[in-house]
């Protein structure tokens, strides 16, 4: 059935520090009409409708497939509550790095007019207003890497959280610092780290959710600094990409090496939270930080009940058309 | 000589030196003055060649110089930078990392906390120093010492020289990413002057983990890079041997960092590189350190922090709306 | 019955209950009222015996009650003490200790950080919980959570129930002493209300490592001891079997701690001990917690700290000059 | 030669938590006239004069024998500079604990009129004025344990350091919390911990030197909390006494288990300092904290050059007769 399936955006980007497994971990293929979707992990053929109702978690093996920013927003925050900001700056190619301008070109044709994989805005989760960030791993085939625009948007989002006294919730997915901006890319680690220092000084709750993949400079900066850190099951969470890791090992790594579960076992993640439970978990967490824990009934219905937008990338920026 | 790399060049210079030596010995033994004249001419030629060669160093030559086996390491400089260094060990959590040394010292009588990444010269020492790859314990020891410095308002000087953070299983297990991230946040907010000096290899997040500072100085032939050139070449061209191209593309030299505003000063090395005169190089570093410390010490802690945050927040190059 | 220990006593009571049950069943089956009368009399006798026995408990009986295999553990109480408990894991340094649980919760809608030492009931759970012996990771997780509470000004409640800190090689290697000491210093200075409740075994420094608090409450049949009675007997008399004598000599009961001014309140248990009514015991704990939290929350952070330091500084009994 | 040697004070005390090796580790025997001393470790027969000139470090095997408080003072601080305080309180037997009153009786007959193993005063080290504390393991056969008087004296010494803005140097040697005072003994851990919190708040340097043995509650409180922690070679430094440890092990301990060197390897001790270097090391350390590092020539001569008092216990309280 070679013609039956169409290719989804490649997940195996060639951004800096994205050294994840050579074989794309989560390539999803679907019938042109979108009737069927094949699980990237176990190969199960799923009804796309069911697959999306399950928030792109394989009903057979539980694999959490990567999401676009819009899918994440639609399936996490209260319907219609997302208000985006941060697209009033634009990326440069400060080093004239090979192929970088081509990627930035790709970004400039983003249907949502976005300037980076990091999407920032305000949103409500279970009625709790927060600054909400999510990294789109697919954006411009840049693997959610941290360039100058990433760092600036992160900082502006944190600043907004401070000035408006809102908690900051961030979904990470990143190959690390953006090689194509050289040292400027590396310095986004310092910049986001400093930004988290300012959040801490202002006692603003900062909550990270690590999704597949959170590696390299991302994990070694903003993604490890949440007051609370959650992670999706099975996500690749590590400093070294798996290829680098394989070369470097003098010690046989465990079976769950460099996954959420491995990091949880070793004390770096507070809780591994299945996708369908993240909204309620965040809602309760935000309520804790807001000053009172809401009972479960006060939060929005479990996100599995929310119908996703038919085409995730077509969802409007403010989420006004998301959900049912 | 155009395509000669630094190692071949040094070989040629060494041969010249051998010849000069022979001529001198023969001239003295035989009491002939023409041998002396020949030797002097060869010496002049050697110095001209060296000057010419060093005037046109390629980025890859800088990589080779920064990694040169004879290049002075932190512990080579420390006796010339400070007096009465007392090395303090351990992170008070798990262990003592040989790849990162630190302690109390004085610079012309003024107490400072000195921290340095440390490579080893012979095999035994290399193993002890983990080839300069810093483990979580190293970053946590560094942070403990920095916090000791902050508590007693002692300035902090770090010497940066690492191929990168240790990517092995044990380091992933013990949170190498967390350790670096944690340092980035804490160093941003230390209420005491901080200066980082890149003395050799400024390897990615592994370097940055002790290099967030009020001032960043770079030795003339040190490098500072978002990813090792070989790693970059692997990702870009699937060919690690194209490191020289990657070194060029990523702009990893001290001059590049200065031009990008990410290094505050370049400390000149003796002709031929720091290994030709470690003590002289140390004197140049010390002069620069004292000048910057004098400037920083004049600031109140809040002015110091305001300046540091302004700097960190300014990292990055992007366009602001309205776009051209 | 004088010399009977708690376990033999419970056996006797269990036999009485069996007898009562038989009488009742027979009475119902045979519709005779005299069996019912007999059963009632036996029940009365049983309650009298229990009351009498519990009125004269020896310190060693308290040890056996505090260690009772059916005694409720932290996780048994937590659902009754708080709502919406979200367990947070890991010390962000090395691992996650099963012998110490903690997280965010709410007590009647008010957010609190809840931390508890945790034993296991079946063999598998006991291994997971390391038999309640807390490792360095446990103390460091506790501190991380306490600092999270302090950062956001949430009160901290700890439930103490451990035979002691883990004395094994791994724990010595990872600084079990440092971890406890560190907590003692940090808990003294936390700028948020803290309450410790000894719910079972208050085992030496292992207990104290999470029990430095504004208020220390003790369940009626909990114990709090400088060293395990068996250990004390070993040292004093080279005879660990003389634990009962040591228990007496060391004054380890809740009443003793109250008399010495080291426990602020004794929380009454149901007749027969907490395991006869975990929910009722939890309600009593919760009532006391809320009363004390209300008092403490009325204080400014500086008044709170002044009060706590006054308390900690006052620990001890000695003569001041001029001596009698 | 049974009559040739006289017994020195036993080092294997029966205080709480002193669970060190059954065979006394450092029993020193000497000719009645004191001509010879036998090394407690290697059995070498040494001239007592040489042995004392070597600060009771065996010239053959390097074993550091335990010292009395007066020996420590004489061999560490500037001659005649020690001014004792803290003997204006007296111990009680709050629990009426078996045999405790007999030990306190022994203490009351102390030739120096001291009230506890912890000796506190002010002193100069290399000209640096400091508050100086030293624990006498031999005092009243109480193994340097922490009772109410210990805690109070520690706190008063720390208070003096705070009010007079002096650094606090403490030599530890302790079996842990004092069992004979029950929970009051345990609470001295909390009290000293709180006291260190107050030192930290006031930014007073607190420097610990761990000597043989520093175990149990001592290591799990004040002894692990120094801004800088030094230790003598080969000292027993651990949470669990060796007997307890042997019972508990599921994992084979390393050869240097529970020694200074073991703790150093694992990151908990800054430096293992031979006895003859401790004065100069402390002097430099204090100079670092005082604001300027003195050159070596400014400090007192190396203590090996100072003749110890002929009979250590006969040294006057203020050290006026100490030294040559």
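Here the chain labels run A, B, C and D in written order, and each chain numbers its own residues starting at 1.
Operating definition for what follows: a residue touches a chain if its C-beta (ideal position, glycine included) is under 8 Å from a C-beta of that chain, and two chains touch if they have at least 3 such contacts.
This structure is a prediction, so every number in the text was calculated from the model and none was measured.
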Set of chains whose contacts include both subunit B and subunit A: C
Determine which of the two chain pairs, C-D or B-D, is joined by the larger number of C-beta pairs in contact. C-D
Gap in Å, rounded to a whole number, between the CA centres of subunit C and subunit B: 54
Dist(centroid_CA(subunit C), centroid_CA(subunit D)) in Å evaluates to 35
Between subunit B and subunit D, what is the separation of their C-alpha centroids in Å? 43
When you check subunit C against every other chain, which residues touch at least two of them? 92-94, 174-175, 178
Got the subunit D residues that touch at least 2 other chains? 200, 266-268
Assign the assembly's chain-to-chain touch graph to one of these shapes: line, ring, star, complete, other. other
For subunit B, which residues are in contact with subunit D within the complex? 83-84, 86-96, 104-106, 109-111, 137, 141, 148, 151-152, 154
Using the touch definition from the top, list the residues of subunit A that touch subunit B in their complex. 14, 16-19, 88-92, 94-95, 97-99, 147-149, 151-152, 155, 177-179, 181-198, 200-201, 216-217, 219-225, 238-240, 244-245, 248-254, 257-258, 262, 266-268
Show me the residue ranges of subunit A that touch subunit C in the complex, using the header's touch definition. 200, 203, 205, 227-228, 264-271, 281, 284-285, 287-289, 291-296
Hey, which residues of subunit C end up touching subunit D in the complex? 165, 167-178, 180-182, 184-189, 204-205, 208-209, 212, 224-227, 231-232, 235-236, 249-252, 256-257, 260, 262, 309, 312-313, 315-321, 323
Within the complex, subunit B is touched by subunit C residues 92-94, 140, 174-175, 178
